[in-house]
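Have a look at this one.
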Amino acid sequence: MVDLAVKINNLEFKNPVLTASGTSGNAEELMDFYDVSKLGGILLKGVTLRNRDGNAYPRMAETASGMLNAVGLQNKGIDYFIANIYPRIKDYKTHLIANVNGSTVEEYIELTEKVDELENISAIELNISCPNVKEGGMSFGISCPSAEAVTREVRRVCNKPLIVKLSPNVTDITEIAKAVEGQGADSVSLVNTFLGMAIDAEKKIPLLSTITGGLSGPAIKPLALRMVWQVYNAVKIPVIGMGGIMNATDAIEFMLAGASAVQVGTAIFKDPFIPVKIIDGIKDYLERHNLESATDLVGSLQL
Amino acid sequence: MVDLAVKINNLEFKNPVLTASGTSGNAEELMDFYDVSKLGGILLKGVTLRNRDGNAYPRMAETASGMLNAVGLQNKGIDYFIANIYPRIKDYKTHLIANVNGSTVEEYIELTEKVDELENISAIELNISCPNVKEGGMSFGISCPSAEAVTREVRRVCNKPLIVKLSPNVTDITEIAKAVEGQGADSVSLVNTFLGMAIDAEKKIPLLSTITGGLSGPAIKPLALRMVWQVYNAVKIPVIGMGGIMNATDAIEFMLAGASAVQVGTAIFKDPFIPVKIIDGIKDYLERHNLESATDLVGSLQL
Amino acid sequence: MSKKEVKNLVVVENVALNSTNFLIKLKSSESIPKIEPGQFVNVEIKDTNEIFLRRPFSVFDMDYTENTMSLIVKILGRGSKKLTEIKKGEELSVVFPLGKTFTYPDINDKILLVGGGSGVAPMLFLAKEAGLKKDNVTMLLGARTSEDHINVQKYEQYGNLYFTTEDGSLGEKGFVTAHSVFKNLKTYNKIYACGPDAMMKSIAKEADKAGVFCEVSLENLMACGFGVCLCCIEPTVKGNLCVCTEGPVFNINDLKW
Amino acid sequence: MSKKEVKNLVVVENVALNSTNFLIKLKSSESIPKIEPGQFVNVEIKDTNEIFLRRPFSVFDMDYTENTMSLIVKILGRGSKKLTEIKKGEELSVVFPLGKTFTYPDINDKILLVGGGSGVAPMLFLAKEAGLKKDNVTMLLGARTSEDHINVQKYEQYGNLYFTTEDGSLGEKGFVTAHSVFKNLKTYNKIYACGPDAMMKSIAKEADKAGVFCEVSLENLMACGFGVCLCCIEPTVKGNLCVCTEGPVFNINDLKW
């Protein structure tokens, strides 16, 4: 029997397959298809301090082996989440991780304080990499000083494991990773979406209401994989990898490159069962390769 | 009759479709298929001061809607080029543009001086964005001071139009674009390849001998398009756009976003006739849209 | 909570209804869940390097004894084109059931169903499922020319059929809202519409003026189809709602049209 | 300079030779350029979202009166698999002619041709085109088991056929280089080989020891196939050479094996 469990920051995940924030709603939507207790964990939809309508339609454009989105963190705010959503999902038998988003350091702090109170939220993913909001978001994640500042302040009020989600839209992602590690991040997750753009040539207009949006899906996999490998070699804290993972082979590649766990995002839109299939596929792989545990994969790329 | 000609830095191109450096050899290879005088121009294979063997095999990995390469500027050096290749190609009836590469500023200068002497080379593309060489290359293109330094020094010895080719592997490409504009670049071309990685999960090894390589092809189009649009809005000099252009619609999107001309790269590997088909497709589009000239497209995106 | 599924269904029929519309009938090996008018399925377009996401299609018909589901696919772009090329015997991966159904009419309601373009399918399904007397159901279908209309003769058993074409080649000439049935909108208890946005908007305006209950089925760009991506939103009086889970059917009073 | 073309050819035959090898015959509507043993074509794999680049295949046979070209495609991965599913009547986009041919033997030469795996095609083509007396041609084909061998009976007219299998189910047991023909390598004037790298390397070693002329056809990863990408290189005594333009046929003396 192979052991699929992985441990990150003292949290034991039954397997290394989580679903990515903004691609698996608040877990309830996946329950329509299967019991989410199969999953290693679920990164909940990005939450903000107050209600956000998100960006105008159209928010989505299909691209070669990927898609652009410009959702812009639509959500009803943390208080609504606590009052209405949390009670419904809190007993799901998997790790629920909040994805917190602010426009200012103060907002990040206030939000973290509220989430920190929620017993059944296992960890906090600090999203400093959303490319689809005018204020805050990615602007925190693309410079070391601002990434440091927000991590430091949030760390002070956060008693749960703190995962910082990094932006790939930078010259050197290892610099940012080291900066947040230095301020007490327990782990890093990467990558968020790449800033991209699509145009309707016939109408001569951008396809997104926001002109630019975030690219996800298989198109970005080679870039995400490179960044996970770079960051794995640069920091000591665990790395959670994502970006275009569509099947078990992709997930294994991220783990070989150094990811302790993976998140599956856009693939869910194609088929919500993909995360479950990936779990099975990793098990198969471990058996075929005579490996005992999923953790044996982590960083085991041979150079 | 629509007018396909575009003018960039006092060079008149018969149409806005050029072939990208490293993807169209030294023009001769395309002559096996058709007369290259059909093309707006040809960016010759990256040249260095001395012979370079390039990187070890394997140098290529297929990815979703794209490919990674790690060629590493294999070429016989500028003197060989001048003695053996230039005489054979110099009378092709299209713009031949040299793509110059150095490991040091001094090498860039010496190389530029040699190329500057070649009468039938129409312009120089300064490649400060090659991700596949250990020294020089991209390291010049990812920080403003180094991009400025090399542009300034090369500008001094370069009497031909100077195109600086930008790296997309940066936090803010407009900063680099403005930096090289400030040092006398006549135009900028973008993007070079994105640093990526691919892994053979079964063998647990990287697919490239160099571990990382440069991603090109349709996968990068949304990112390249966004950067062209950003740079077009940030500088006054002409922008030459590329990255995943596979057909006329793609090329038109780049022009709408602000490119005065486009370069076609990886698409040539799929079909060397694609650049020619794109020229025809742009002509069709202009006719359908009642536009008189290809220059009418440039930056005409409606927001 | 209604269970949703991802299933490979077998194509048992793919026939051209005219040059751009195809009827695709899919069969399940197991019993198929109940799907009602307005609901849709999200279909994978395989074997092409141009399509990444699934494509949503309204259900046109169900047969629970045969375990089949039918769609009408109109060729709009690359994905719908590819889909219409599928062959009998091939499998199609389908996510279903998705979205909400139309509000069923009351037994004595007089209803007007207006369909245009790819919006014809859910209107015909609703006409069939409504369970009303034939004379209480009016179906109005609009298209550019008579060739763009599909043969709907067998729906005459469910209601009275009217057509418009922009060139006057079938039925009345002009857009659907110019049709004479719109002269007496108040005679209807409920109006349902599905088609191009512009069409639905002008219908909504007329229904609103006449004060008649009106539901429309929206066709937004979707990534997931089951409520996780938040890409398919429509601004409503209740805020931005997902068309895939809170719709595609909306009461026009809720829309900000 | 030999003109190269990109053409849509029509599949006129696609037959399974065994469970993993398929013979695909392609027909041109116009006259087809001369293609010689060792040369290859680069084939587009359409209608799949997994494949981005073309795939190279050696030419197995040509017929200039019928204007057809044949390939033997062995299923290795996703692209070759997809290719073997193509149907008669469908079109295949092909770039050709690519690469260099083998050095033809002199009229009285005795030659040994060794093929393994997907390397069988160019060996059989060369046997047919060499124009030698049957007894001067020795063909040795290696595979894992007898089932992995294809039926090559009709090549008996061009030379003497020998087989090896790893399990001894056909011909001699073991790798090709263990076959008895390798005992007397010096009786051959020229040796040609195409197959897995390891096989070609051990043949090269034997040929080198025996001092016999030997050419091998390499199968490198290719992006373009016509010399512009510089991805397909092989280190040689003349530096890194492109397999697609300077090969795929190399004299073993030029290789750094």
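Which chain is which? They are A, B, C and D, in the order written, and residues in each are numbered from 1.
The criterion applied here is as follows: contacts are C-beta pairs under 8 Å (C-beta built on N, C-alpha and C of every residue); 3 or more make two chains touch, one makes a residue touch a chain.
Keep in mind it's a predicted model, so treat the numbers as computed, not measured.
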Give me the chains shared as neighbours by subunit A and subunit C.
none
Enter the minimum step count from subunit B to subunit C; a value of 1 means the two chains touch.
2
Of the other chains, whose C-alpha centre is the longest way from the centre of subunit C?
D
In whole angstrom, the CA-centroid distance of subunit A from subunit B equals 34
Measuring centre to centre with CA averages, how many angstrom lie between subunit B and subunit D?
36
From the mean C-alpha coordinate of subunit A to that of subunit D, what's the distance rounded to whole Å?
48
How many angstrom lie between the CA centroids of subunit C and subunit D, rounded to a whole number?
55
Each of the following residues of subunit C touches two or more other chains, namely 49, 51-52
So which stretches of subunit B touch two or more other chains?
63-66, 217
Sort the chain contact graph into one of these: line, ring, star, complete or other.
ring
Complete list of chain pairs which touch one another:
A-B, A-C, B-D, C-D
Quick check: in the complex, which residue numbers of subunit C touch subunit D?
47-49, 51-52
What does subunit A use to touch subunit C in their complex?
22-25, 29-33, 45, 53-54, 56-67, 69, 71, 74, 217-218, 266, 268-273
Can you name the residues of subunit B that touch subunit A in the complex?
63-66, 68, 142-143, 169-171, 194-199, 201, 203-206, 211-212, 215, 217-223, 225-226, 229, 244, 249, 252-253, 256-257, 285, 300-303
In their shared complex, subunit A is touched by residues of subunit C numbered 1-6, 44, 49-54, 93, 95, 220-235, 239-240, 245
